[in-house]
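Next come two complexes, and both contain subunit A; in the first it sits with subunit B, in the second with subunit C.
Moving on to the complex of A and B:
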């Protein structure tokens, strides 16, 4: 187990480095940073000064290691746009993104797992097919469109929920539901497939031979064995939700990390872009590690192997 | 005496059209061992699963009689059947490697067999589990209870399955090749344990086995299955002394000294294979491999009595070849 974790950690560092190099190079490819910092009215001299002040005249490799060394010490640099430390900018926006992502995942799991179980228990019946069709429709609808429909119906027509901002917790409901929508079909299919396998297994027959009640057979004996792929994919989905909720945050005017990323990319605020990429890489790696550990809790074979 | 289990004309077919069990009848008395023998694929496991109502999806069963004591198992709801299963009616499966849940400890899986049916604490149930593990010859049962299935060898898992089936002191035990993964001494210990339970508690045992040595040692009655039918049914004594169906005779020729234990004696070293029995099959299932097949055998094989309580399914008279085989 320890060796397994060490191997994973080493891999994680490598992935982080790769992602960073790519992000670093891409921001540099998108144009002369000094020009975009200086703005449209700047003279050639201004630009030259900026280039020198920000160290942009140095070779790329030097710039990269300079930045990486600072990042390793927790200093992610300053935003050109906000004139504030990047770490603070991300930290300010993290609560919104975290709340949104976690509630989105919670809703997705609460819908997908029961539906997946039902579809598996009633495999190849009307119930199974109906659930499958609902999932298919859900998958076919782009999330910004669902978001707009919800805003129009629940926000503007019925006025049940606020249409933007998160001044109250109700503001999270619609964006979280929209986020959940995109995760539900995959989670549901995985639950269904895992449960179908589990329910057809010999150990479920043993559980039935013991006379156990259906609830215990399904929830204790089958679900535990079907849960592992679901956990792995849920972790990846949460990663998407934390980093990839740019569209949702834009539609619902939520100023989370996704919105910050979108803003900084469009304005070429490269310290922020780099920092957000680093943050997301760390989040992804952390989540997969967490999923591996949860799976080790679920499956004793992973613990002692 | 009324049998503990009575089965008449039990049939099982699969969605594919395979008729795996074609009207078998048998009865198991209190304290008795009834052995079900026959080569691979003849329908032994499917028959026992049908009795327990544990058939896979897509299988249909029907029967004229399927009775446990006075209870008509055909009329029970799944809920009522679940109350009997694991309590008065227990089963040991043929697949010890996959029949335990990989995610839970041996102790947890054994204890729940008891706590489901009795008002008893988990701690007491674990004590009972440890005691039974010891009786099936597992040393350090306390340690084993805390282990997971993947930490146990096939032989240990098979013994855990046996012990688990005995948790509630069943009245009927269906054991599907329960000792295949065990060495001879452990096997002997298990068989002794089962015989003790039969003496002390009147356990009725439906024992499926390939091993004619075990049959000779354990059985009071034997049913020989072939291609989904019981082709001969008799007391163990009569079967070994006067096997009548050509298939049974073929089987017994595989062991040189009847009753002597020759483990792994392959049943059916008779040339040929079992036919696939589809919906339109008729006649004797054994005719492709039978040295005495006649045109009539493609039409039907009558049920005949060789003696009281000794039945067989064949056109030949009981005293062939002397009389009529020619």
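Moving on to the complex of A and C:
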């Protein structure tokens, strides 16, 4: 068990290091950052000043190790657009993205699990196929477009919900629902597959033979076993959703981490861009590690793997 | 006819129609998709009040014919979807087969690459690359191709592991076939049906991602008629003229749904089951 956890933790650290390199390389793809930051009207002198102020005149390897060493200590550099430490900028905007991600995940689970159970109980019947097609339809809708359509219908025509911002909790409803869309098909298929396996197993046959009520069998005996992979995939999905919320934050003008990233990308604010890439990757790595550990604790069979 | 066959047929029909529309765009488009006419801005579609038969789907904020832009947009979606799948397929299938066939250290490296790829936030990195390298069709295709190979690799790896120990591989080895021959002539054809299903999934994803990138202003550059870009450009007018975002949005939705239905049908027909 301990060896398994150590191996996983070591892997996580290696992945973090790789992402560190990727995030750094990404922001250097433009060739000369100083020229892009200075803008089209800059003089050669301005460019030279910027190059010196941001340490861009140093060799790339030196820049990388300087950044990596600071990042490892939690110092992600300074935004030249906001003239503030990047770590603080991310921390300020994190609550919005986190609220959005967690409520999106909650909605996704509330929709996906019952649908998955239903599809498994009526496997290969019309109900199962219809649910499968509903999932395909959900998967085919571009999330930013659903967002805009909801804004028109619920925000403008019916005026039930605010169309942007999160001054009240109602502002989170539409973005969270849209974010949930992306996670529902995967979670639903997983619940369905797990439930089909569980329902075909010996302990369910025993439970049926004992004469337990079908509802009790499904909810208490089968779901408990089918839910485990769902829980761990839910953690991974949360990672994807936090990364994907950039599109939804842009549609609903929510000033979260995604919006910050979008803004910084369009304005060449490279310290923020590389920091957000690194931050989201580390969150994802942490979540997958957590999911693996939860699995190892819940299912002893996995510990030797 | 069962619901399943109907769904697969529908998927095939949709993809076929979009393909034909895209290929024939220069011949069937009623107008030049780039021609602006500031006197004819925001004409509603034919079926709405004030619509004109000259512009069946209306015109956009620069007076360009919406139907023509939509038809040319099909080319962009299909082109990006296909090329991104080819690129990512080459990368992912190569990695997956190598890891699955050789196992050991090779497999460790492949698994590590997959883990790293999954940790990298997809949309954010794609946006960054396009912003820092410059937006063009080529950059978008390459970016998506270099990012979307993970599922190809995962599926190629597991399926290769399953066929590796089968008799015909052992026979080829005994006959003295080279490794390259075994991997490309014995392993690949036998896992291909699984990979075709992955290809449909990735194509749908690539098309949706291109639309999202273009919508955020960091995908295909204007004035190209990408459906995502059409939605972005129509966004400011959507409150008074919702059709400007509904038409390209429905087009995207229908195309992606068609590809997904086709993929689902292929999965059933090829018997690839839940492994994909």
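Quick notes on this one:
FYI, the second predicted complex is superposed on the first by the 292 of 305 C-alpha atoms of A that agree within 3 Å, B and C clash if a C-alpha of one lies under 4 Å from a C-alpha of the other, contacts with A are read in each partner's own complex, and residues count from 1 in each chain.
Assume a residue touches a chain if its C-beta (ideal position, glycine included) is under 8 Å from a C-beta of that chain, and two chains touch if they have at least 3 such contacts.
Note that the structure is a prediction, hence the values are computed from the model and not measured.
Look at subunit A after the overlay: subunit B and subunit C fit there side by side. Judged by the touch definition given at the top, the superposed model places A:48 against neither subunit B nor subunit C. Applying the stated contact rule after C-alpha superposition, one finds that A:154 touches neither subunit B nor subunit C.
In the superposition on chain A, A:35 contacts neither subunit B nor subunit C. Legend: residue contacts after superposition of the two complexes on their common chain; A:81 is shown touching neither subunit B nor subunit C.
In the overlay built on the shared chain, the residue A:127 is in contact with neither subunit B nor subunit C.
By the touch criterion defined above, A:200 lies against subunit B but remains apart from subunit C after alignment on the C-alpha atoms of chain A. Contacts of A:265 after superposition on the shared chain: subunit C is touched, whereas subunit B is not. Residue contacts after overlaying the shared chain place A:68 against neither subunit B nor subunit C.
Here subunit B and subunit C are compared by how many residues of subunit A each touches, and C touches more. Between the C-alpha centres of subunit B and subunit C, as viewed from that of subunit A, the superposed structures give an angle of 90°, to the nearest 10. For the three-chain overlay built from the shared chain A, the minimum Cα spacing from subunit B to subunit C equals 18 Å.
In the superposition on chain A, none of the residues of subunit A is touched both by subunit B in one structure and by subunit C in the other.
Of all residues in subunit C, only 3-4, 7, 112, 115-116, 118-125, 127-129, 131-133, 204, 208, 211-212, 215-218, 228, 231, 235, 238-239, 242, 245-246, 249, 252-254, 256-257, 260-261, 264, 274 touch subunit A in the complex they form.
Subunit A makes touch with subunit C in their complex at residues 11, 14-15, 18-19, 22, 26-30, 36, 126, 129-130, 132-133, 136-137, 139-145, 148-149, 151-152, 156, 193, 240, 243-244, 246-247, 250, 258, 261-262, 265-266, 268, 273, 276-277, 280-281, 284-285, 288. Against subunit B, in their complex, subunit A makes its touches with residues 123, 200-203, 205-213, 216, 221, 224-225, 298-301, 304. By the touch criterion stated above, subunit B contacts subunit A in their complex at residues 52, 54, 56-57, 82-87, 90-91, 93, 95, 98-104, 109, 112-113, 116-117, 148, 150-151, 161, 164-165.
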